[in-house]
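Same chain, two partners: chain A is paired with chain B first, then with chain C.
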Partner chain A sequence: MSRVVVIGAGLAGLTAATRLAAGGASVTLLSKGIGGLQLGQGTIDVLGYTPDRVTNPVLTLAAIASSRPEHPYAAIGAAGVHAGIEYLKGLLGPELLVGDAETNYQLPTAVGAIRPTCLVSPSMVAGHLKADAKLVIVGLRRLKDFQPKLVAQNLARTTLPDGGNVTVRYLSIDVPARDGEVDSSGLTYARAFDDPAFRVGFADTLRPLLAEGETVGLPAVLGLKDLTAWSDVADKLGHPVFEIPLPPPSVPGMRLNAALLAKARAAGVRLVPGSRTVAFRASDGAIVGVTIETAGAPREFTADAFLLAAGGFESGALEMDSHGAVSETLFGLPLAGLDAGPLVHGDYWGAEQPLFKVGVRVAGDMRVLDGAGAIVHPNLYAAGGIIGGSSRWAEKSGDGIALGSAVLAADSILKELA
Partner chain B sequence: MRKLAVDVVVIGGGSTGAGVVRDVAMRGYSAVLLDRADLGQGTTGRFHGLLHSGGRYVVSDPMSATECAQENAILARIQASAIETTGGYFVTCPGDDPAFADKFLAGAAATGVPAREIAVAEALRNEPRLNPGIMRAVEVEDGTVDGWQLVWGAANSAKAYGAQVLTYHAVTRIDREGNRVSAVHCTDLKSGEEVVIDCNFVLNCAGPWAGQIAHMAGADPVDVIPGRGIMIAMNHRLVNRVVNRMIYPADGDILVPVHTVSIIGTTDVKVDDPDNLAIEQDEVQQMLDAGEVLIPGFRNARALHAWAGARPLIKDKRVAAADTRHMSRGMAVIDHTERDGLDGMLTIGGGKLTTYRLMAEHIVDAMCEKLGETRECRTAKENIPGPEATRNYVVTHRLEEREHDRLEEQIICECELMSRKMFTEALANQPKGTFDDLRRQLRLGMGPCQGGFCTTRATGIALETDHIDIERANGLLRLFLKNRWIGLWPILYGDQVRQTALDNWIFQGTLDVEHLPQPESEVAL
Partner chain C sequence: MTTKGLEFAGHELSRATLDACVKCTICETACPVSAVTPLFSGPKFVGPQAERFRNGESVDHSLDYCSSCGACTLACPQGVQIAELNSQARAVMKADHMPVRDQLITRTTLMGMMMTPVAPLANAALHNKPIRAIVEKVIGIHRDAPMPPAQTQTLQGWLKKRKAPTRKATRGPVVFFHGCAGGYFEVETSKKSIEVLEYLGYEVIVPKQGCCGLAQQSNGLFDQASAAVLKLCDELRSGGKDLTIISSSGSCTGMLKHEAHEIMGVSDDRLKDVGTRIRDMMEFLLDLHDAGELPTDFQAIDMTVPYHAPCQLKSQGMGQPAVEVLKLIPGLTVVESGAVCCGIAGTYGLKKEKYEVAQAVGKPLFDMVKRTNPDLALCDTETCRWQIEQSSGVKTEHPVWMVHRAYGLS
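Let's look at the complex of A and B:
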């Protein structure tokens, strides 16, 4: 059986590893941390802004793919993204993700902006705003990362992407997640919402404060393990509810992560978490093995193919040193985007900082290319945030890139090793 | 238009002006302090946090050394909670002249600066990150000081004696009657209101901007040479004492532990405009190299933030104008009667934060003399009121406070352990303040995440408590992130890049802040 090593346990790494294992490969997934899904918003962003607001992500990314050759979507293509989305939806099912590649939801954020995203938790769908909707944004006094007045008053003065406005009010209620604690995290609340008895108390407190016809916006803490917690809350309140994602720790991201990790395990992926991959060995240009740093002794994993899905600067897969030199920290891969002039500038609200578009370049089969367009190592592939050329967070494209590149890389590896 | 009448108008809300208004008020004059921005927003807030023992000047400037030693002891007593008595070392690094230590010790003895040579092994034991190649070490009584607490303490003391403190009031005109200053006109920048203050005397304490103020009164140009220095805060206390290189004062020769960070300083470049202080890449590299000399591996530590300040040095014809380090740091009181035939105004320049109280004493003495009055200075005798006024700061204070109130209070800024109550109380005191105004008192957003997690909380809480409306809330959020970035991008490398990526992920990715309803105009104050 052919052997593959995947480095990185975010959306790209977990998706690719699962697909590889399901396709018959023996897969080892090495990761330093717990994966980026738990830092993000817990929705699947494909394309949100170009910078104009995007309503049909797959259609719009096809245009980007043809007009911006440096963008990851040029290599991945609309078909790749489509395949990635369908694969993930199939893996996780409608209890975790709904939506399709042709439509963006426009959902409120925890500051009250309206954010385009492609696949969402069903617990967020009622947040897709329609003109003349009546909303109430409900804060929890002991949860500081969700300030309901800020959300409500920004939504109230925003014209919806399709035109029209919504009526929004806000309120705060005091329902402790743990007795005696005034500073509870979203995660603490999510665990509390897993308990049906807590949901009863919560709904009993909130229900009398709601008005006829109101849709209830809540912080995205409605259950960590119990995927029906949000709908149970809605039933008990007798009102539609929707979750609004918070800054990390991301409860919706944790739900996705847990489900995807379970799928990877079930598919037979061997998980080696907690160790940084620090070195590699090559022979005749091909990667032979990578070495992780462990408490006892360094340990090498050999394989026939390697997939780098370790993320970008946010995870340490890319680094800039104090002299301004930028590097990919494991293989020392050639990076694109370094010749764009100064990599950072002083205008915070101005153009995207070029630094965060730096990354590796890939071919259509997701093998890593050098500056001249030649394959660097015949058996080294890349997926996700390590691929440069996009403003992932600003344009809301990170998950589409991760999924498309993961599926394409997995399929290329399976084909190559067949 | 609003009219006020006072004995004395003090212009400039840095340490000098705050010290002066306190002194004036304690001597029984009615007084107003004016600043076009917040207190301590200029030079006072843009230094390295060093409370001099005097050691730095024992060879180059003996008189300053003696003054520093005396004032250090006074301030540590009267403003205890603003000062941490860290102690300090002067160390001879590899390549430095070991014989300088002999001159240093002789100078210290002659100037009354407490100093004691210790074994290198003892220095390394107490500060294990120090360069193991150091050849000599001298222990001194350096401390660290929070410039904002210092200036707010002095201003609050002045207020207790009846003075008014008007921040965000920009002086627009100074009237004369004959040869005498008679009134100061200013604009309340927050409301747009004009304020005219009739007065007997003006004390110009505007630091690098003192020349501009003197010019408004019709005085001949006062040659203030702003000397720009940059500082970089590293995210840990790499040392727990101030560490100085035992050399003639030079660039990048001090590392100062202040609060939870340590600050490397500084450079000195003559600039023309104190409102436009760039943080140049070559100076950043110079500071990092200097840090490597004191602490091997310094470049691998995480730089959090950089800033530049302008020294308010009065031109001294003895040295070349481009070499501001070797101009006297001694204070200079400019008597406009003799110089310009202008009565009722004095300008003070030079000096340093450690001697701010003494500078105030001098200029207020000079004013009393001009007014033909004898009123005793009592600023060294009376403690400045405030929390724990008799207890020197230690870095664990906030941790101790949070341990006491963690079950009652949310922590809004985890990096700096700022509680919700601290924030809402400061906001109630300064409801028109920006988050930077509050930051200077609370350290909001000054830790490793540089506002990544606390900015939206602060925005939401300020809105919820009805101090601001939604338009201003978004404007303040935008302004705070923009201002944090000013000090971030020049030192963006290593782990701070990683942090910035996470912050971008939160603000752009999860919150989509750039697509909030755009303010009609950006909030500036």
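Let's look at the complex of A and C:
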């Protein structure tokens, strides 16, 4: 059996590892800790802004792919993104993700902005904003990460992307998540909502306060493990409800991460969390093994192919030193985007910072390329945030890049090792 | 009042990781204790957050409710040593009022030495309700908490009396570290580990050895623990230079690999030597398999069995080697518990004031175990096995027992 090492347990790493294992490879996944997926909002962004607001992500990214050769979508292509999205939807099912690559939902955020995103939890769908909708945003007094007044007033003054406005009011109720706690996290509330008895008490408190025809916006804490908790709350209230994601700990992000991790485990992926991968060994240009810095003695994992899915600056896979020199911290790979002038400028709310476009360049099979377009190591592939060429956070393209590159890398590796 | 261990506490290694915290809350989501009680405000608040305000004295007494399971450190994607920081801060907090109970329950070798000669009597006392009620009142060990089962023979006793192994040692010598529990209480696990190693062709050297000091460390008794761990290193090193040291005491292995150094700041070449040579039993078997050197002519065992990877094994950052090894046995289906911790966390769950918390932490695991196989569960560390057995009523063995069986040795 061919052996593959995947480095990184975010959306890209988990998706690729699962696909590789399902495809017959023996996969070891090395990670420093829990991946970034659970810090996200439990949605899948494919393309949100160009900087104009995007309504059809896959159509718009096809245009980017042909006009911006340095962009990751040029290597991944619309077909790659499609494959990634369909694979993830198939893995996780409609209890966790709905939507398609042709349409963006326009969902309220926890500060009352309107965020375009592609795949969403079914618990968020009723929040897709349409003109003349009647909304009530409901907060929990002991949950300080969600301020219904802020959400409601910002939504009320905003013209919707397709024109028109929503009618929106707000209210707060006090339903303790557990005794003895006046300041509970969203996670504590989500665990409480897993209990059907808690949902009864919550619905009984809220129901009398709702008006005819209102759709109810709630913080995204409606159950951590029970994926039907939100629809049970809607049934008990007799009103449509939608979840608004909160800052971390993000409950919808945790749901996605837990489900995808379970899929990886079930596919037979050997998970080795808790240690940073710090070194590699190559022979004749090919990577032979990588070494983790674990308790006791360092440990080498040898394999036939390696997939770097360790993220970017935020996870330490890319680093900038005090002299402004940027490096990829494991393999010392050549980076694209360094010649764009000063990488950081002082106009923080102005133009994009060139630094965030720095990363590795990949071929269509997701093998890492050098500046001249030659393959760096024949058995080294990359996926996700380590790939440079886009400001993923500004475009809202990070999840689409992660999924597309993960699926393409996995398929290339399986084909190469077949 | 300050001692070498405590001067270190909250300063060097772990403290240096503090600035890497980006407040992402991933550790909060991994904590099994704050999930079941508001008495512990969570690893981020008590760890990297509160640490900034500590100047010797602790700013947050909920710290004592941290069980030191290490799930937070394992989950942190930024390399912050959250559990280590909390263990150090707790040691400082408790330094001038260390409960007698916490000093007593850490004397594991002494317990073993005293209980073995009077095993039936000791076991009867441990199961005697009036006696346990008095112990709870006077000492603070909860009356229903699991206690180690006293054995009539120690491992050293067995080694002296048994027949010499018949199989030739074709693979050379290894050193076996049995730990206090493996020497006095979980003797059978040590025997089976030794027999498996001998079956594979190793000569197993078992030097006379004492306690690693883990229980003292987790209760904040750093001086005693540091002395114990270094004495143990000397003893294990006497078994032979450069030999691999193998142990089926998962948490004691962790003490030698990283905890003595990272939590107590023990910086000594002897510890480094032992810490880099030691392997967990199942880790060692998986290493052999990865190198293509493990015979896999296992007999089939038609069974579905729940397996729980202990927190202190996971915190060693080697994944779950037992799962990979057990997969090689035909007919055997291993179901991972998915639980972070069984609740006991060494001595945490024994304590009167923590017992209910520990039981709540372990409840999903106990339920899962009962559901999966009411007759047998597997788990790598001693106190966790006692906790699972006591709370679920399901017999719990070290995974090496399965390997022993599958090689036809039992």
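As a working rule, the second predicted complex is superposed on the first by the 418 of 418 C-alpha atoms of A that agree within 3 Å, B and C clash if a C-alpha of one lies under 4 Å from a C-alpha of the other, contacts with A are read in each partner's own complex, and residues count from 1 in each chain.
Methods note: contacts are C-beta pairs under 8 Å (C-beta built on N, C-alpha and C of every residue); 3 or more make two chains touch, one makes a residue touch a chain.
Since we're looking at a predicted model, the values are computed, not measured.
**Student:** Taking chain A as the common reference, can chain B and chain C both be placed on it without clashing, or not? Answer clash or fit.
**Tutor:** By the criteria stated at the top, chain C and chain B fit after superposition, with no clash.
**Student:** For the overlaid complexes, name the partner, chain B or chain C, with more touching residues on chain A.
**Tutor:** Comparing chain B with chain C, the partner touching more chain A residues is B.
**Student:** Name the contact category of A:E181: first (chain B only), second (chain C only), both, or neither.
**Tutor:** In the superposition, A:E181 touches chain B and chain C alike.
**Student:** Is A:L39 in contact with chain B, with chain C, with both, or with neither (first, second, both, neither)?
**Tutor:** both
**Student:** Looking at the overlay, what does A:G274 touch: chain B (first), chain C (second), both, or neither?
**Tutor:** Touch partner of A:G274: chain C, not chain B.
**Student:** Touching A:T294 in the superposition: chain B (first), chain C (second), both, neither?
**Tutor:** second
**Student:** Please work out whether A:A110 is in contact with chain B alone, chain C alone, both, or neither, and reply first, second, both or neither.
**Tutor:** Touch status of A:A110: first partner only.
**Student:** For A:F198, is the partner it touches chain B (first), chain C (second), both, or none of the two (neither)?
**Tutor:** A:F198 sits against neither chain B nor chain C.
**Student:** For A:E319, using the defined touch cut-off, is the partner it touches chain B, chain C, both, or neither? Pick first, second, both or neither.
**Tutor:** First partner only, chain B.
**Student:** Going by the contact rule set out at the top, does A:P248 touch chain B (first), chain C (second), both, or neither?
**Tutor:** both
**Student:** Minimum C-alpha distance between chain B and chain C after superposition, to be given in whole Å.
**Tutor:** 5
**Student:** Which chain A residues come up in both lists, the one for chain B and the one for chain C?
**Tutor:** Of chain A, residues 39, 180-181, 248, 314-316 contact chain B in one complex and chain C in the other.
**Student:** For the complex, which residues does chain A have touching chain B?
**Tutor:** 39-41, 45, 49, 53, 109-115, 142, 144-145, 147, 149-150, 153-154, 157-158, 172, 180-183, 245-248, 250, 312-316, 319-324, 344-346, 348-349, 353, 355-356, 392-394, 396, 398
**Student:** Enumerate the contact residues on chain A facing chain C in the complex.
**Tutor:** 31-36, 38-39, 178-181, 185, 187, 191, 248-249, 254, 265, 270-276, 292, 294-297, 299, 314-316
**Student:** Under the definition above, what is the set of chain B residues touching chain A in their complex?
**Tutor:** Residues 285, 288, 299-300, 303, 406-412, 420, 452-453, 456-457, 459-461, 463-464, 470, 473-474, 477-478, 481-482, 484-486, 489-490, 492-494, 497-498, 500-502, 504-506, 508-517 of chain B touch chain A in their complex.
**Student:** Write out the stretch or stretches of chain C touching chain A in their complex.
**Tutor:** 22, 24-26, 28-30, 35, 38, 42, 73-79, 254, 256-258, 275-279, 314-320, 324, 336
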